[in-house]
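Letters are used for the chains, namely A, B, C and D, taken in the order the chains are written, and counting of residues starts over at 1 for each.
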Amino acid sequence: MNILVWNENRHEQKNPKVSEIYPEGIHGAIKDFLTEAGHNVTTATLDEENHGLSDHLLNQTDVLIWWGHLAHDEVKDEWVEKVQQRVLDGMGLLVLHSGHFSKIFKKLMGTSCDLKWREADDKERLWVIDPTHPIVSGLGSYIELKKEEMYGEHFDIPAPDELVFVSWFEGGEVFRSGATYKRGRGKVFYFRPGHETYPTYHNQEIQMVIKNAVNWLKVTQTNQPTYGNREPLEVISKKG
Amino acid sequence: MNILVWNENRHEQKNPKVSEIYPEGIHGAIKDFLTEAGHNVTTATLDEENHGLSDHLLNQTDVLIWWGHLAHDEVKDEWVEKVQQRVLDGMGLLVLHSGHFSKIFKKLMGTSCDLKWREADDKERLWVIDPTHPIVSGLGSYIELKKEEMYGEHFDIPAPDELVFVSWFEGGEVFRSGATYKRGRGKVFYFRPGHETYPTYHNQEIQMVIKNAVNWLKVTQTNQPTYGNREPLEVISKKG
Amino acid sequence: MNILVWNENRHEQKNPKVSEIYPEGIHGAIKDFLTEAGHNVTTATLDEENHGLSDHLLNQTDVLIWWGHLAHDEVKDEWVEKVQQRVLDGMGLLVLHSGHFSKIFKKLMGTSCDLKWREADDKERLWVIDPTHPIVSGLGSYIELKKEEMYGEHFDIPAPDELVFVSWFEGGEVFRSGATYKRGRGKVFYFRPGHETYPTYHNQEIQMVIKNAVNWLKVTQTNQPTYGNREPLEVISKKG
Amino acid sequence: MNILVWNENRHEQKNPKVSEIYPEGIHGAIKDFLTEAGHNVTTATLDEENHGLSDHLLNQTDVLIWWGHLAHDEVKDEWVEKVQQRVLDGMGLLVLHSGHFSKIFKKLMGTSCDLKWREADDKERLWVIDPTHPIVSGLGSYIELKKEEMYGEHFDIPAPDELVFVSWFEGGEVFRSGATYKRGRGKVFYFRPGHETYPTYHNQEIQMVIKNAVNWLKVTQTNQPTYGNREPLEVISKKG
């Protein structure tokens, strides 16, 4: 399938610690393991023209992956609206980590998407809540990450259609760290881990979740719903 | 409780048929039966200054009722954002009929909120789907409306938190006509009936639903969630 | 995949009208189109020894399809419990039409599963409510059936995890006619149509839904969850 | 309202540690604070005749609270079925702690209700997930319990209608510790804390949750749904 990995790509330019972990950027790391899984992967970043996006590119994208953090506000509303329209038309969207505060995620959720957070090398353990879900295929009872940024409840999102993971944090918090939504004819998955200063996207189980997720996110070959004025399908009686 | 009834109030100015049914406007009709039920009801309309809204008024409103149709685009984004913020902070919102296409409803849903429609004097029968819900208190198996505008599926909304009513239409369609959502600390109820050329808001059972709904929508006295950077609640081990 | 079609197979013995429509039984008709779709299909019926079931057969079944009506009470509790256990362990279950009152469906739902009904040649129109769902792949806005038994709300089931279809009936009722559930590691789909005196299972679109459904119901290759007493994963402090 | 507190009341007879914490039994402790809140509270225990239950008592009960652990199997099926029927008819049910394995909870859920567990003085922190819910009224971001039994995911329940609390445990696990369901015309709330060797039901915030819960659980004055054979509401055309 055609996957587009969008990355803000600013931390990688500023922070040697980040560029050491992700020499080709977070987008490059994600591209690598998805390409290896047989997908056709393109990347785009904030500072490219039109943030690396085009109508043509979006139209042929089956699943868009989104990572942003420092510069959500710099993403132009025009492109946020185009991405939203494509989701409603059936493109899958995987929102990663600090993407919880991206314009596109907030627009699709309708809430603040706010949360508690801390950068303190918390251990994180992501427990599987829904063992029927294709997204957890191949995992055991949980994924353990030695060090991650903490995100804590309350997470201001609509109640997920499906709750897939809940995280335990060493510092005492919990978080709904894997949540699915349907919007229009498209599907959305929010997946929490992936702070830029940790090698989270090199973790085999995190990669497994992302690989499962893109398969689940790919639009089903259903027909586009139709809308607007309609003639009756049955005879309507005349009324006084 | 403090209820604010917002109405576009344009049909009433243009169409004698509408002003005959609702001589004091749709907002006036709703105000009447809610006042009689003991509530403190204020009204606001599109063409007033700031659409009749103010920070003070919104801040003291427990439940906002919204009816709009012809002029959704004329509602200023600034006020849509203020209403959204108040919902997230705990104000209840009852969206009526053609309000499905209002900026505020689309903003809270994240979808197009599109649907099929027809103005042809369809009979409508709203079946109760959730007999545990306070919103259906006092009703029988269904509400019957002799003539209404038809709205048909697919209705492009997120899956409701609770599905309360499903409508049957004479012309052959069905519609999720009563749907609840939680957004932030606030609650939202979408209730379908109420085309301006029919006396729907004079119907006793429709009034009963609206009276039940404002009670359900009123914010619970829960604390406002807190967000942002947090110290750990437990000791975090030092890691290599 | 391995599919087991279970049918009560009593109407077929008693009513010439039914055996004319389904000369090889409802189970035979379903077996035919699923076999043609490439599946390995077995059938079992009430009056066989152990209702045609065995531990071995259940253990190798990926998806079980269940049609019953007159004789739900004759299904032995022992086998109902075995089927329930297999669903919890990951076997998919497709419950058809009057199977809403089967012991296995009531056991998995926890409710009465009661409803309104009428045999009067109602026209039925099943509207697609969830256009993202693989189960509706290939369909238009609705499926139309010229004559069917009516089932009407209130349908006493838990709120579905996903609502896929809502039916319109000529006589004035609506019904949640396609509903998914997860139970344990298994998935369940209830699909309404299929009264024995109508050729519903010969309808191409109904067959399409059933073919889509078995694919969706097949268990994901996730690990079986583990339960019971557990050592701590972290050091627990001594307390006074 | 009329509340019935049912308790197995075996630990209290066997273990001095338990009878020291709850000299009048767990049921007595719960009765006390609910009586103080103005309710009419009755208690019943396993070893009374008919487990302390009667048709008359159940019929006049608005909300039933259930605590059991050692002797779930000794509860007679006849009474489990009567309690289930009362829930479907509109009685609220609050299932506490080890009641997750009670016959009545498993019957209403349709799943094994299994989980991971440990008795090791874990600290527990119950985080509020749904700040709109009347059940959390008056609470802050979480409830902290110094020592409790651990229950860990995967918890084999259907996806809750509403997820109200998620627990963090010192030993590394998480748990969906507050979950609501609707069954028939009745409501169910599962609330995790309350191991018999800890003074959990003396905790002010735990009492607050239970007091909020009974109010939420009390049946709404909706009409009982009707079921069975129905005449058409509209004319059904004759068909060939």
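FYI, a residue touches a chain if its C-beta (ideal position, glycine included) is under 8 Å from a C-beta of that chain, and two chains touch if they have at least 3 such contacts.
Here the structure is a predicted model, which means the values were calculated and not measured.
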item	value
Chains touching both subunit B and subunit C, listed by label	A, D
Farthest-lying chain, centroid of Cα atoms versus that of subunit B	C
Interface composition of copies subunit A and subunit D: same or different, split at half	same
Distance between the centres, which are taken as Cα means, of subunit D and subunit B, whole angstrom	33
Whole-Å gap between the CA centroids of subunit A and subunit D	36
Touching two or more other chains - residue numbers and ranges from subunit A	125, 128, 130-131, 141, 152, 154, 159, 161-162, 170, 172-173, 182, 184, 225-226, 233-234
Graph class of chain-chain contacts, one of line, ring, star, complete, other	complete
Contact set on subunit D toward subunit A in their complex	125, 127-131, 141, 152-154, 159, 162-163, 166-169, 172-174, 176
Subunit A-facing residues of subunit C, complex	90, 125, 128, 130-134, 136-141, 161-162, 170, 182, 184-187, 219-226, 233-234
Residues of subunit B touching subunit A in the complex	84, 88, 107-112, 114-118, 120-123, 146-147, 150, 152, 154, 156, 158-159, 161, 170-173, 181-184, 225-234, 236-239
